[in-house]
Structures are given as structure tokens and as C-alpha cells.
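Note that the chains are named A, B, C and D in the order they appear, and that numbering of residues resets to 1 at the start of each chain.
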Amino acid sequence: MSSHTIVLGVIGADVHAVGNKILHYAYSQAGFNVVNLGVMVSQEEFIQAAIEADAKAMIVSSLYGHGELDCRGLRDKCIEAGLEKIKLYVGGNLVVGKTPYEEVQKKFLEMGFDRVYPPGSDPALSILDLEKDLGN
Amino acid sequence: MDVQNKRLTDEEFHRIRSEVLMQWHTGKEVDLDESFEYHHRMDKSKSFSALLKDAKEKKYILIQPRAGVALVDKHIELLQYLQDKGTADCLPSTIDSYTRHNRYQEVQHGIEESIREGRSLLNGFPAVNHGVHQCRKVIESVRIPVQVRHGTPDARLLAEITLAGGFTSYEGGGISYNIPYSKNISLEKTITDWQYVDRLIGIYEEHGISINREPYGPLTGTLVPPSISHAVAIAESLLAAEQGVKNITVGYGQCGNLIQDVAAIRTLELLTEEYLHKFGFHDVYVTTVFHQWMGGFPQDEAKAYGVISWGAATAAFAGATKVIVKSPHEALGIPTPQANAQGLRTTKQVVTMLKDQRMHMNDELKAEMDIITAETRAIVDKMLELGNGDIAKGAIAGFAAGVIDVPFAPSKFNKGLVLPARDNQGAIRFLECGFLPFNDELKAFHKKKLEERGRFEKRPVSFQMVIDDVYAIGKGRMVGRPHGDQEQ
Amino acid sequence: MDVQNKRLTDEEFHRIRSEVLMQWHTGKEVDLDESFEYHHRMDKSKSFSALLKDAKEKKYILIQPRAGVALVDKHIELLQYLQDKGTADCLPSTIDSYTRHNRYQEVQHGIEESIREGRSLLNGFPAVNHGVHQCRKVIESVRIPVQVRHGTPDARLLAEITLAGGFTSYEGGGISYNIPYSKNISLEKTITDWQYVDRLIGIYEEHGISINREPYGPLTGTLVPPSISHAVAIAESLLAAEQGVKNITVGYGQCGNLIQDVAAIRTLELLTEEYLHKFGFHDVYVTTVFHQWMGGFPQDEAKAYGVISWGAATAAFAGATKVIVKSPHEALGIPTPQANAQGLRTTKQVVTMLKDQRMHMNDELKAEMDIITAETRAIVDKMLELGNGDIAKGAIAGFAAGVIDVPFAPSKFNKGLVLPARDNQGAIRFLECGFLPFNDELKAFHKKKLEERGRFEKRPVSFQMVIDDVYAIGKGRMVGRPHGDQEQ
Amino acid sequence: MSSHTIVLGVIGADVHAVGNKILHYAYSQAGFNVVNLGVMVSQEEFIQAAIEADAKAMIVSSLYGHGELDCRGLRDKCIEAGLEKIKLYVGGNLVVGKTPYEEVQKKFLEMGFDRVYPPGSDPALSILDLEKDLGN
């Protein structure tokens, strides 16, 4: 059981709310202190919330296909805002169209994310990863 | 804002219109009179209203995909492919998400990147940025009617441009394109904005051009009980009819239980007509659209075909006028043209094969229709009561009071207290009714149904059932049983 | 030849046996006592009878493909693939056509050419030529039960070898593997030969090894009305039970009309049990198998998925114990392992998704069950009458008299006067009853149903309807309407 | 309308009878004099019937996948039997497995068939071809 604070949200103009509600439930059940920003969250809101809550990780979802456009620059903005060490996780249907996971992963790792999850990933996996990355 | 369900005056309409057309430079391309002429010259085979009437009268089922890409030429290729290789009866242009949020600057950026990378970086067709003439290029490149499918809370400019562009059907509504599609926008705002859209279509009607309107049925697409989506469909039909809309297709997203789905489509048509008549709208032509399963899909394509086919079969048994088709890529991403056409052909095979089999009335169907009817009337009547007979006011007050409440919706104007879960036969029931205005009998019915499931699964009725049900179809089940895939 | 439905004596059995085992050199490998031991040592997860019982009791549906290739290693790979990637619940070994006609020399040639060309030139697994030990290699390489599926009029040696080889289920029968599968072989001969097979299985039963027997339900697979195939299934069940068979799965090939198909599966089980009990067989465990559409398929894979799914959905609504699965390659050729597994996964998705929905009794279902029951009893009782109470004699006399008559069958011992056609809802009716022993009421029913269709299609009831119906599903319809694919 | 005699049958150990019945009906309707040998017809039976009926063409069906093995040598046997000019048509599901039509066609043309039809061919096509090849 971990009690780190994490910020959760669906980035961009994306309104897919179902997965977000389930992630919120899953991370809370796992003991995290979850700041859930819901859907349609801008990069600025993510950063603002992470600073305010002193979060150790940002869990970014993108389902609707614009993930690539929406996520660019997030790492740089985090660094500018003084969040050098924050872990950035991203998951969902990150790009437009069915695409081999390896390509997508590469693209988002290069953008500065620490972990990238394929469509429909079980939240349990990321919980194990969070415990590994943040320590518990 | 003082919203009421009253036809906009010409003066009001034109005042708003001058603002709307300024929202993006392509607004300048719209000239209503020229548009009317354009529509009058257009081949009748491209009229959505006419096609829907024909299908309803001759009792066949139309199939339609979702589809849209960033660039006009590619979009045309895509639609032609779906028409020719997909045997689609009618076409969509699914609008990208930036346009849906009126972020035309970001759209422009997406279009440019798409050109640069040679692939669509937008998740749909950005009709506003392309403008009237490009839209007409699209319409002229196909033989069958094309509809705007989107999810846009403020869809006024989009409507102006696409209707002038030759589209003959427009999806959405002030409730159905707000609650599931936005977070912070008030119903006052979206209902007002959609009154404008409906009025625009009313004006087309008055010029002898029938534009089909389709309130968006599935809402969040995830375990939405029929009475909730029916209530929204009825409210939006009344709002549209008031503005002069004459051809309405009410929608519903498949639940998965055959009896419940057939009952839903049948009652949807009956109840919509009932309320339209009640308010004196006797000349509105009502048809239905059935959406194949709108929730999470299995990733495996072979399994996805099973889900698609089951939706097609249900549409046939229900006798819906139109069915919106999913593709075998659904769980993974926007489909390739090929995958999209495959979903269409699977669906075509099933609906034509089952064309001559409709479910006849029987006790189970009747019981389910009675339940849906009682619930829907309870919700709509309560909204009307809260609005003093005005459905615009009633819808706003209704959401605020939670007497209408959409599961899993992102909007902060939705109470979010209602929880759905499947019963032991897979029909969607209410685990939590929140403030829905249901009488004790209805509440007891849902309780009993879920307790039956709980006993079967040897576990208490709880939120865990909801989660299990959300995942279930993606994992090959309908009812999310505790042992998952294993047979018990 | 004087055939009667009487258990073979041990003496008769062993006399025949010594001849049978000489038909090909691999016959020498069979040693019954050693086989019994082998079966006793075998993991219970490989018992077909046990699996079927479990499924029936726990109300889940088993899925099974057809599959077989010339070479043992490739066959093993294929079965493992269907088990692991296809999520099959039980497996087949479909036997090649030369073996089915006991042409073991040609088989040998086919095996050699297959080795040379590195691809299977045989349309199935030649179990006899491979022999007992190679069969065991197959059985040992998978976790689930394996059945012999074939179409062999004289299947005695095949039975000896495969049962000794560890197979636990055997498809076929003296009627169902004659009439649709041969041209010149008499029923006297095939019924006698199958008495041997059934007796062999009876002997396994007596040694505590339950072998499942599955009369082949679909017959010619093309517009076979349920009562015809039911009558054959009942006759073969009585023949099998007499020889000591205790676990029987009666089969039926999908017609396509949901009500008729559900009625067929329900009555098949009821009527089989009824006649078994009537003849004093109270300890035979009866289950059902539903075959997805057995007639001509659409060539397009997406459309084929639609047909496959509709079969799966029907099996679920009917509550069959097992469903035999088609692949998206059906119209074109024996499927690749991939295509076969795709058909399985589609089917699995549908049957598990619809697991909790069964069709409950309603007026239409009841009416259809009544029709099938009346027809089946008329045929079976007439056969029994002609055979003086002996179903072996009765079946032979019945085919000769045409009181049982299979549409489209190649056998010259089948009258071939009966013509089936679909009614206006797609249910299969009799356009010509030939000498079927139906009373006037039944005949009038069929006439009325087809005239209803004729009126709808504005054409006389005629052979053209039969032809149109044969092509229909392949062309995306169920009822072969004169305007083909076009909607009317 | 043609009144040539043609021999029709399903070759080898193949029992697929439905298509054969329909072909019989279609060719008869088109005016051909059809000698239908039904299913499970050997090469010898085809030739015997063609000689007896003085047939101008043999319409060979093979559905079950062994067509390749069953059809080899038919042309030679025809020549031996003095049927030098007889037209040989073949159709159905000629080989085991879904195979590109071009490959199958090549294989059977090389075996000496005059025309080769893909799975599920409409009989009407072959009627036009027959009228062309035989004259009417």
C-alpha cells in the first residue's frame, strides 16, 4: 500500500470519462492519494495541480486520438515549472488508428514520458510500476 | 440566460447569425439563398430525409459507418470506399475533436501537420476549416446522403457551413452533445445554441429542403439504461420540432440483451411520437437509429466481429430504420477504410439476411416495453413539471435536480448519482436510482433484478458489479461475473 | 441382407472384426484390452462424454471446429493452434475423403504427394493410414477431447483405429453418413456396418470407457427441414442405444430462422429422449449439437463473419450443448489455422456474451415446436410401422417408400421427391412433400406458408424459389427473393 | 439456344450434389442436352458417357479439394479414347484451401482443361462460353 499523491486526468479536448472513473477508483483502492482532474485537462492544469498537491506522478490518459498533439511539450513545461523529478505515465488510445505498440511507445518515450501503456491496459500493471518507481 | 422552448424569431435568429458566421473566416462563404438553390439542384438520392422515409415504409434497414479524416481528398477517398466497398446506404462525416470544441486554430495546426506527415493527425473531418465549397466537393463525390456526425456543444457555425455544403442530416442536440461531450458548459448555453441549429434547419424546411435531425442516442455509450436516453431523445425532439424540424431520427445505443433492446427501439418510436403529438407536432416524421455496442470493445478482431454482428442482428429483430456500424478495429483506434468497410459488410449480411424476421409481441417483450415506458414517462413528465410545461426549462431543471441523470457523464451539470448494472440476463438495470422520479414499484423491480444476480453470483450487489460490467463485453462476456472468463 | 435392430452377439462381432482389421495393415495395431488400459490412463479432461455432461449441467456452450490435414505433425500443430489460439473447447480430426471411401491406396499416394509438395493435398486427416500410434501422438499433444468427424459409409476400421488411438467421440451413422455421402451404397450395408461401430463403442462402455456418439445432423446441409433430420437422428440414436451406446449427441444444422432453429434444438432433445425411453433406453445421456449454417457461404470474409455470428447467437438462444463452427474461408476452401481460429473466437465471443439469454417459451416458439414434433413423430412412427416396430428395417423401408426423404442427397436410395423452400420469414417449409406421411393439416400448413411468400413476391410457388433459396445466404439474403440483393 | 450434348458430373470421391443439380437445371434450361452423371464420377465414366452420347463438352465439377489429384490425366485419357476435340471445362473449389484463382487456373489449364472457373461461378457464364466454344 502506497500513499503517494498522484495527479490523474484525461488530456486535451478528450471527454472519455469512463476509464478515468475506473482509474480513480483503482488507484484509490491501491492506497494512492488521487487528485483527479477528470476529462478535458490542459497541460497547465496538470502542472498546476501537481505543484499544489506535491504529486509524485502524473497519470495522463488520452483516448480520442489527439494524444500526440496534446502531449507534446509536457515534459519541458514540467521542468520549467520546477517539477524535474515527477514521473510521467501515459496510456489509452494514444494515436489516431490501430498502430503497433512499439511505435507508439517510442514516440512517447522520446517526448519524455517515463512509461507508456497500450490500449486497454489493466490499471493493476501501472500500480505495480508506480510502486516500483516511487518506492512504497 | 432565460431559455424557453419557443421558436426563435427571425430577428433573433439573424442577430445571432451575424455573430456565428464571424467565428471563423469560412463563415463568409455561407449564403442561405444560394444554399437553397444548391439543395434544390442536388440529386434526390442525396436526401437523408427521403432515404429514411423510404426505408421505414419499405421496412429495410439502412447501414451507416462513422468516418472522417483531416484532408478533403483523403476524406473523399474514404467515403467513396465505404460507399462502394462497404455497401453503406448512407455516409457520415465524423468531425474531429478540436472542431467539436471550436478550437479552429488548433484544427489548422492539425491539418498542416497531417499534410506534412502524410497521415491524418486529426480524429475526424474538420468541416468548418475546410469551408462550404470543400464540403460540396465531398457531397458531389458520392451518390448517397451524407450526415454530419460530431459531438459539438456549440455546433452553430458547423451547421451553417455543412448545410450550405450540401449535407442533409445533422446529428446532436443541446443535451446529448453536452452532457457526454463536455465538462463545464451549461445546458442553458447548449440548448440555446441548438435552438439556433434547429431553427436553421426549420428555415431550410420552410424553403422546401428537408434536413434530417438526429438527437444523439447513446450518450456516454456505457451501460445507459433505455429510459435515460429515451427521455433525452424526447426532450430534444420537442426542442427541434418547435424550431420547425420535420424529420427526426431518434437514437439508442445497444445494451446487449435482445428483449431489452427490441423493447427500447419499439418504445423509443412510440414515445417520441406520443410526446410530439401531445405538444401538437403532428407532421414530424419519426424514424429510429440503433447504435451497435457503444462501450468498450474486445481488441481481437474476430471477437469484435461477433459484437458487431450481434448488434446488427438486434437491429434487424427490433426493426430499427438505421444502424450505426462499428469496425473490427474499434478497441484500438480509428479504423482504416478497409476495417470500416468490413464492419459494414458484416452488418449488411446480417441485416439483409434477417430482414424478414422481426420479433413479434410476446409477454417478455411487453413487460420490458411497459417498464421502459413507465420510466421514460416518469422522467419526461417530471422534467415538464419542473419546467412548468416547458421542456427547455424542464431539462435544465431536471439535470440540476438529478431527475434525469446520465451514467459516466463528464459534465459537471450532470448529478452523476445514477449507477447502472446488468441483471442476471444482461439487461441494464439501476443499481442506484439517485433522484430519478421512479415510484416504489419501479425501484423495487430494479432491486429485485439485481438481487437475483447477486444471489446467482454469490456476492452482494455493489459498485464492483458496475466495474465488472464496464469491462465485460471487452472480455467476452456481457454480465461481468466475478470469475471473469471462466464458466461457473 | 437381413438387417434388424438387434445387438450383435459377441460371436458375430468378432467374426466381422477379424475381417475389418485386415482391410489395411494398420488394423494389426489394434489390441482392445491394451486400448481399454490406455483410455483408463488417459486424463479425464480428454473425455468427450464427461465434457458434454458438464456443459449440459452447467449450461454453457462448447465450441468445436472442423480440421484435418494429411500429415501427423502438421495436424498436431493445427489442433494445438485451434486449442490455444482458437479457444476451442473440444477438437476434431476431420478425415479426408479418400479414407471416407476406404480408398487407402489413394490416401497413401495423397500422403506422399503432400510430403513432396510440403502442403496438404488431402482434405483431411487420414487416420487409418497413420494408424493407432500416430493417433495417440495426436491425442497426447492436446489438453481437450478429440472427436473423429468424417462422412464415412463404412467406418468400421476407422473406428477401431481411432478409438484405440484415444479419440473419445465418433461422429456419423448408418443413415446420416450414407444418404448425403454416397451414391450407390445400400442402407442395409451401412446400417449393418454402423451397428458394428456402435457395438464397438458399447464394448468400450462395458469396460468403463464412455465414448460419445454423434449422429450427423445436417445431412446435405442445404435447406433440410428439421423434421427430416430429427427423424434420422432419432433412428440412429435407437440403433446406437441398442448396441450399448450410452452418450449421444444429436445434431441439427442451422436453418436461419431463429424461432425455427430454437424450436428444432429443443424438440430434437425432447423427441430423442422420448423415443429412447419408449424403447426402454433410460440410461442414455442425450445432448445436442448445433451446426452453424451448412449451406453455401458468402465468399467475402466480412460477410462470412456475419453468418458465423448469427449461427453462434442462435445456438446460444436455443441452448445447444455444442456448436460446430465455420470459418471465414468457408466458401473458398479448407481454412488456414488462422481463419479457423478466427471463426472460433467470433463464436466464443457470441456464445459467452449471450450465455445468460435463452429464448423463453412463447406462442410462436410453441407453435413451431408443435409442427416439428408432429412431423417428426409422423415420420418416425411410419418408419416403425413399416419395420414392424424395428427401426433398422423401418429406416430401410422408409427410404424406399419415400416416407423419409432428404433434399439434395446424392444417394440413389433416397427418393429425392421432397423439395424444401423458405417461407416469408425464412423458415424452411415443404414445397413438395413427396411421400412424407404428413396429414392434410400439416400439408395445408406448408402450402399456406409458401403461398404467403408467393403473394409477397408476386410469383407462383415453384422450383425457382428453391434455387433462389440455395443461393440466398451466399448472396447476403436468407429468403431468395426474385430481385436478389435489391431491396423491394 | 444450343442443343449440343454435354456430359456433367462431379469427379472423384466427391459427393457435393447441390451444385450439380443446379448446373443440370441451368444447362437444360439453356437448351443443352445434358447427360448428368451425378456425383462420384470416375474419369472412365466421364469418357464412356461422352463417347456414348457423342458429347461436345465435359463439365467437370470438383468441390471437395481433391480436384487436383482427381483431374490429372483426364485430357490424355480423352485423347486415347478418341475424344480429341472434346471441350473440357472444370469448376468448383478445385484445390485444398483458399488459393488465388490465377494459380489454380494455370494449374488446370496446364492439365489440359479448356476453361477453368473459380469457386461459386455463376453457371450463366459457362453457358455463354459453351455457346462461343461450340457455336450455336
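The rule we apply is simple: a contact is a pair of C-beta atoms (placed from the backbone, for glycine too) under 8 Å apart; a residue touches a chain by one contact, two chains touch by 3 or more.
Here the structure is a predicted model, which is why all the values come from computation and not from measurement.
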(message) Centroid of chain A to centroid of chain D, CA atoms only: how many Å?
(response) 66
(message) Based only on mean CA positions, could you tell me how far chain B sits from chain D in angstrom?
(response) 54
(message) Rounded to a whole Å, what is the gap between the Cα centroids of chain B and chain C?
(response) 44
(request) Averaged over CA atoms, how far is the centre of chain C from the centre of chain D? Could you give it in whole Å? (result) 30
(request) Would you give the residues of chain A that are in contact with at least 2 other chains, written as numbers and ranges? (result) none
(request) Determine the shape of the graph in which chains are vertices and touching pairs are edges (line, ring, star, complete, other). (result) line
(request) Write out all the pairs of touching chains, ordered by chain label. (result) A-B, B-C, C-D
(message) Which stretch or stretches of chain D touch chain C in the complex?
(response) 12-15, 17-18, 21-22, 25, 38-40, 64-66, 68-69, 93, 95-99, 119-120
(request) Going by the contact rule at the top, pick out the chain B residues touching chain C in the complex. (result) 58, 60, 256-259, 298, 300-303, 305-310, 312-313, 317, 341-350, 352-357, 360, 362-364, 424-426, 473, 476-479, 485, 487-488
(request) Please give the residue numbers of chain B that touch chain A in the complex, ascending. (result) 96-98, 100-101, 103, 106, 109-110, 113, 119-123, 151, 180-184, 220, 222, 295-296, 299, 329, 331-336, 339, 408-410, 463, 467, 470, 474
